[in-house]
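Here's a structure for you.
Labels run A, B, C, D, E and F following the written order; every chain starts at residue 1.
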Amino acid sequence: MATVKLLSDEELSAEAKAVFDDIRAVRGTDFINNFWRALAHDPALLKATWDRLKVVMAPGALDPLVKEMIYVAVSGTNGCAYCAHSHTASARAKGMTPEMYGELLAVMGMANQTNALASALQVPVDEVFKE
Amino acid sequence: MATVKLLSDEELSAEAKAVFDDIRAVRGTDFINNFWRALAHDPALLKATWDRLKVVMAPGALDPLVKEMIYVAVSGTNGCAYCAHSHTASARAKGMTPEMYGELLAVMGMANQTNALASALQVPVDEVFKE
Amino acid sequence: MATVKLLSDEELSAEAKAVFDDIRAVRGTDFINNFWRALAHDPALLKATWDRLKVVMAPGALDPLVKEMIYVAVSGTNGCAYCAHSHTASARAKGMTPEMYGELLAVMGMANQTNALASALQVPVDEVFKE
Amino acid sequence: MATVKLLSDEELSAEAKAVFDDIRAVRGTDFINNFWRALAHDPALLKATWDRLKVVMAPGALDPLVKEMIYVAVSGTNGCAYCAHSHTASARAKGMTPEMYGELLAVMGMANQTNALASALQVPVDEVFKE
Amino acid sequence: MATVKLLSDEELSAEAKAVFDDIRAVRGTDFINNFWRALAHDPALLKATWDRLKVVMAPGALDPLVKEMIYVAVSGTNGCAYCAHSHTASARAKGMTPEMYGELLAVMGMANQTNALASALQVPVDEVFKE
Amino acid sequence: MATVKLLSDEELSAEAKAVFDDIRAVRGTDFINNFWRALAHDPALLKATWDRLKVVMAPGALDPLVKEMIYVAVSGTNGCAYCAHSHTASARAKGMTPEMYGELLAVMGMANQTNALASALQVPVDEVFKE
């Protein structure tokens, strides 16, 4: 259970309703996941979050699948249960194969390991990396 | 300054020397960055870390640049100064353009924001994501 | 389920019982939340934690509601499910309105975003901030 | 040193220049701190970050000083060196006294302690907190 | 529910089956916990993780119980629910008493508190610690 | 440079002076490290932190070296530069050998790796671990 009630479509303010309409249009589905139903209590926060996410995750110099896999790696690193589930699902919907997921997990795991090692050892940054 | 002395080539044990030889061969350069010089105090840890990293970062279902960008995103999330520097340098060496870096940062930043929001709100995982 | 059995009032040691009595007196309620029932296995840890929390969260230069909102922001950042729930409830009991909660979430989300950006970019601290 | 060159005013794109102009106007000072000079390599990221920060930190249901103190607490929790420095400076500029800072640190420290305890013990959320 | 199906013994690839056989032999029990059943989708990741864990947790300069307690402290710090449960169970199986667990929690809690304080205050490292 | 001036002995309040006296007596040295000189701005926070640390790190069911190594592991995990330096120095002063440090790092690194894997995969806790 969330710290706020998840709002149904009937309980939305007009501003939140407009954001849900845009989510549905952009994603091409009627389904709205719980994250947005929780944020809907604060329409300004809902709108700012969605408007930015929409831009950030759109195709660009990186393709959407790569972006989604970066999102999964950050979410696993932060231990965000909701985000691990939702972004892994999104990555699969965008074409992530089991082999890609396995490699993503391996890289994320290794990064967390060597991050901790470098931080514990307080390794000074090599001059060559400073540019 | 690290919590251990960074070992010069002359100070290496035979086992650590063998790992440095392999790093140089695989990377095609004589340069060994400080992380390995700190780990070299414990040759078993040095060898295990390098042997695994070499495999994890090799081309596979994901290409090495994508892997390196995932590494950068995790390192920024964990606030690892050394890793942010070294893996950003590696990603650039593998072809990351300024545009790609900007998008990587945008995704990483957004993921950290929504991870915190979902965790603070304790949003329950949608049934559809549970498979 | 916790990693330890949550102790009922009947299972408390005398020292733990005394701490529960103080929690009840200070809070003006008979209800003791699960966190304390888990800590009660180690009366010294229970007592030290409660004695310090009681002082830290008392009115001072900051009012208790501001303190509780800071607690919520840290708990969301750390992804602590228990703490997000319990301190959001406490903040509401102390007067946090939905508008305040929305703004708290927005600030916490933004801070997590820019923390990750500054760490990934390894932005050097401006001279003017060093005092 | 950052992973990117900090851009001087002369090196800015027109879009980045416009954002710097707005930062200067809103803050009433010519000084632009390094964070923005690093982000300026990606004008879209710069603009989105500033535009959102400006809104989030503005007076609302919470006053700007409270918001800044929440930012400091999150930054300390995440171990972001740059952010700890810059937002502590901002909080002082907005009126944070030494007494307030001491209490903020005490709350942040306690939250990090009990977050770790609750997570290690995996304390189940009380029914009464689920609403 | 995990982001992947937990594999039963019947669903394992030959390579994953061999790892499970080794886990059972090393631990002297038929029981395989869920972590390995999730990793089994990627036999290479499963094998690398188990092979390394087996070495890292074996008796050495530190005894296995001390290692397990370090694991618990890290897991609580990271807020990993699965790891807090599984490694606390392992530590108990290796002889961790309630008194030892209480002290471990106290140290872990204190470390998280002072880590946040030192990071928020950006305390410079004493010269005497740099060696 | 810290966010506060590090106080010299001459700048201490009477209450802070008393805490420094106790640190010197307990540790049997005149040296006071920077962490306490930063906290000294808030004598109440200084005293509470020291009084608790003194108790937590004292010999008990766990010996002081084990406690110090747990502290190092948490500090590396959190990426606290100051704490990694100071507690590694303390652990050495209490007898941590290079072999013990190497194994500590290996365990800490592995824990961070598998914590991220278990969180990304959202592995459900085995029934047998719930007691």
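Everything below uses one rule, namely that contacts are C-beta pairs under 8 Å (C-beta built on N, C-alpha and C of every residue); 3 or more make two chains touch, one makes a residue touch a chain.
Remember, it's a predicted structure, so these values are computed and weren't measured experimentally.
Under the contact definition, chain D and chain F share the contacting chains A, B, C, E. Graph distance from chain A to chain D, where chains that touch are one step apart, equals 1. Taking shared numbers over all numbers used, the chain C to chain F interface scores over half, which places it in the same class.
As a whole-number value, the distance joining the C-alpha centres of chain E and chain F reads 21 Å.
In whole angstrom, the spacing between the mean C-alpha positions of chain A and chain E is 26. Residues of chain F in contact with two or more other chains: 1, 3-4, 48-49, 52, 73, 75, 77-81, 84-85, 88-89, 99, 102, 105-106, 108-110, 112-117, 119-122, 125, 130.
Taken pairwise by the contact criterion, the protein chains are fully connected, each one touching every other.
Contacts from chain E toward chain A in the complex involve residues 3-4, 41-42, 44-45, 48-49, 78-81. Of all the residues in chain E, the ones that touch chain F in their complex are 1-4, 6, 31, 33-35, 38-39, 49, 52-53, 56-57, 60-62, 66-67, 69-71, 73-75, 77-78, 80-83, 85-89, 97, 99-100, 102-104, 106-108, 110-126, 128-131.
Partner chain C is touched in their complex by these residues of chain E: 79, 81, 84-85, 88-89, 98-99, 101-102, 105-106, 109. On the chain B side of its complex with chain E, the touching residues are 1, 5, 48, 52, 55, 125, 130-131.
Those residues of chain E that touch chain D in the shared complex are 72-73, 75-81, 84-85, 88, 105, 108-110, 112-117, 119-122.
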